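There are two complexes below, and they share subunit A, which is joined by subunit B in the first and by subunit C in the second.
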Partner chain A sequence: MSARETVGRRETGLGEDAASVASTGGREAAPAHPNRLPTDWWRRNPRYVLYMLREFTAVPIAIWMVWFLIEIGRARGGPAGYRPHQSLAFVIFSVVCLVFAVWHSFTFLRLSGLIVRIPLGERTVPASAIVAGSFGLLIVATVVVGGLLTLGGR
Partner chain B sequence: MRHPGPNRLEGLFWALFAQSAVLTALVIPAHILVQGVLGPLGIVPAFDQHYSTFAAGLGNWLVKLYLFIVFGATFWVFAHRVRYTLLEVGVPGGKQGLGVVTYGLAGLATLVAAYLLLTVP
Partner chain C sequence: MPDKTITLSVTRFDPDLDPEPRQQSYEIPFKDDMVVLDGLNWIKTHLDGSVSYRWSCRMGICGSCGMNVNGTPKLGCSAFLRDYLPGPVVVEPLPNFPVVRDLVIDMSSFMEKLSAVKPWIIREQGAIGTGEFLQTPAQTEQYRQFSMCINCMLCYSACPVIAIEPEFIGPAAIALARRYELDSRDQAGDERLRTITASDGIWDCSFVGECSAVCPKGVDPARAIQQTKFDSTLGVLLPWGGK
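The block that comes next holds the complex of A and B.
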């Protein structure tokens, strides 16, 4: 849209549709129909439910990280005021978050075969090999990070 | 009005989301497993179960940097996914409005993480 059209639209008070017609030289532009789905669309198919569950994984993971931040905040007060999370409620909460975290890892890394393209001569590395490599990396990262967190506690 | 052509800012957001989601997919299960389950149950000695080991770990600049990246990535994934999920279930506010709220929350949480990591002994 040119500056003149913008100014003209502002001065004449034309709405979006009228301005759109004007900008197409009199030809009537196709009306815009926003794609509105019912809010419960995701409950109509089990695959959609799983999709929403995958999207929801970010919430419990973020909440768990906020708990971790609270623990770091407690450590700022020195040894006298430090209390690590040890309650049964926290363990149960963590187990629930772990399920969501593993679901996020599984669903996201499973997509890596579709997203990542690694050239290999005139071909590319097969998607199955990329997915297998991603899950292998998850196992290595879990062992390394878990090992460091454990070694740091000795 | 946005100029025609690819929305580079949106592309950057998606790229950041992809990188952050990969990082969280790789390292978060280990954190929750060790610090949230095995450590509190006393099965393994997690570094945050005692002040001395926790402070020693957090005193290392590499650990601070690593945790800052993990916190930032986690909160970014949260913001991006929540933004689009809310849009998909028809929550009013528009793409930009929801983006301001969710990315704003993530940015604030990341700043808090940076502050705590920098000021912890």
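The block that comes next holds the complex of A and C.
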């Protein structure tokens, strides 16, 4: 019997395993209680709360992106069609979205060293190098896109 | 009874009698070196012999005594009562598994998921028993941390995706699949990967990360899942991608 198969024979406090506890000597076994996480599971642990907050911040970012796409669509007709929303409320909303986006980027790229595995002979590229490379690419992409948006339209 | 005591609130459930699990409190003597499992054993010996729970090694190796301690999945043998003073310490069965009795859960779904990922070395040429298949320390290091899993199922209890999608293969099984995917002696190719990249596989994971946080052996199942996502994506996008 393999090690995994022995799992079913582990002791219980009664010296019985789950199968024998459930056994009712020929009678139909009593139903086990479905033991699901409650719907408010995300409030039980600060890490769950942080996870839900991070997921939620994707919503305003998505709204902002849709708005941005609409503005780009308007610009197809030339500079006259480009009418960016300039109210103070929208500027504040944009700054908040920027903070959220930076948070997403930072938390995602910080883990890239654990996720991306690049073989290097029998070993792999060190995680620190992958993280540094990821942040480097983010900076380059930000500069290029920022340059296109601010200078390309002139 | 010694001067110092602590209260354990233990889930009781007899499927023949109880419509729902209930909590029952026991006052037990407290010593600084006592773990939750010691407390349960004291209850069973001195107060109530009907309390049911799994345990075996008492040293964090067998993975039998997984239970929810004050809302967090823990090994009963590794959760010191002193960390929960002044109490009470709420001891419940692991969430996301059906409760058979008291703290005893039905682990059959986990065992099915575990065997589904074929957690053994698969060879195309030369069965593993036919000779030596040498491995360097660097090659061993590639999968070593994923091989430390003791199948305690704490990660399944901490995973909200399992609660929503009970068919999700889950953290430990995918970590074990990853362990064999990274083993230089394994030649499974797509055989194992097909299972974990199918529906109910890696793409169900939303990267909450709590599976890795609760692991008592320092295994990082979330990392195994995200690595597999990345590799399988490369395998589709690039002809030389993947493993």
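By our rule, the second predicted complex is superposed on the first by the 107 of 154 C-alpha atoms of A that agree within 3 Å, B and C clash if a C-alpha of one lies under 4 Å from a C-alpha of the other, contacts with A are read in each partner's own complex, and residues count from 1 in each chain.
Methods note: contacts are C-beta pairs under 8 Å (C-beta built on N, C-alpha and C of every residue); 3 or more make two chains touch, one makes a residue touch a chain.
Given the structure is predicted, the values throughout are model-derived calculations rather than measurements.
Of the two partner chains, subunit C is the only one touched by A:A32; subunit B is not. Contacts of A:F68 after superposition on the shared chain: subunit B is touched, whereas subunit C is not. Of the two partner chains placed by superposition, only subunit B is touched by A:A58; subunit C is not. Contacts of A:L114 after superposition on the shared chain: subunit C is touched, whereas subunit B is not. The partner that reaches more residues of subunit A, of the two candidates subunit B and subunit C, is B. Shared-chain residue A:Y82: touches subunit B; no touch with subunit C. After overlaying the two complexes on the shared chain, residue contacts for A:W42 are found with subunit B and with subunit C alike.
Looking at the shared chain after the overlay, A:I130 reaches neither subunit B nor subunit C. Legend: residue contacts after superposition of the two complexes on their common chain; A:E122 is shown touching subunit C, with no touch to subunit B. Shared interface residues of subunit A (contacting subunit B in one complex, subunit C in the other): 36-37, 41-42, 55, 115.
In the complex of the two chains, the subunit C residues touching subunit A come out as 13, 15-16, 20-21, 40-41, 44, 50-56, 62, 64, 71-72, 93-102, 104-107, 111, 114-115, 119, 136, 138-139, 141-142, 151, 160, 163, 206, 208-210, 213, 220, 223, 226-227, 229-231. On the subunit A side of its complex with subunit C, the touching residues are 4, 7-8, 10-14, 16-18, 21-22, 24, 29-37, 41-42, 44-45, 47-48, 51, 55, 111, 114-117, 122-124.
Considering their complex, residues 1, 6, 36-39, 41-42, 52, 55-59, 61-62, 64-66, 68-69, 71-73, 75-76, 78-79, 82, 84-87, 90-91, 93-95, 97-98, 101-102, 104-105, 108-109, 115, 137-138, 141-143, 145-146, 149-154 of subunit A touch subunit B.
Residue ranges of subunit B in contact with subunit A, taken from their complex: 1, 18, 21-22, 24-37, 39-41, 44-58, 67, 70-71, 74-75, 77-78, 80-82, 84-85, 88-90, 109, 112-113, 116-117, 119-121.
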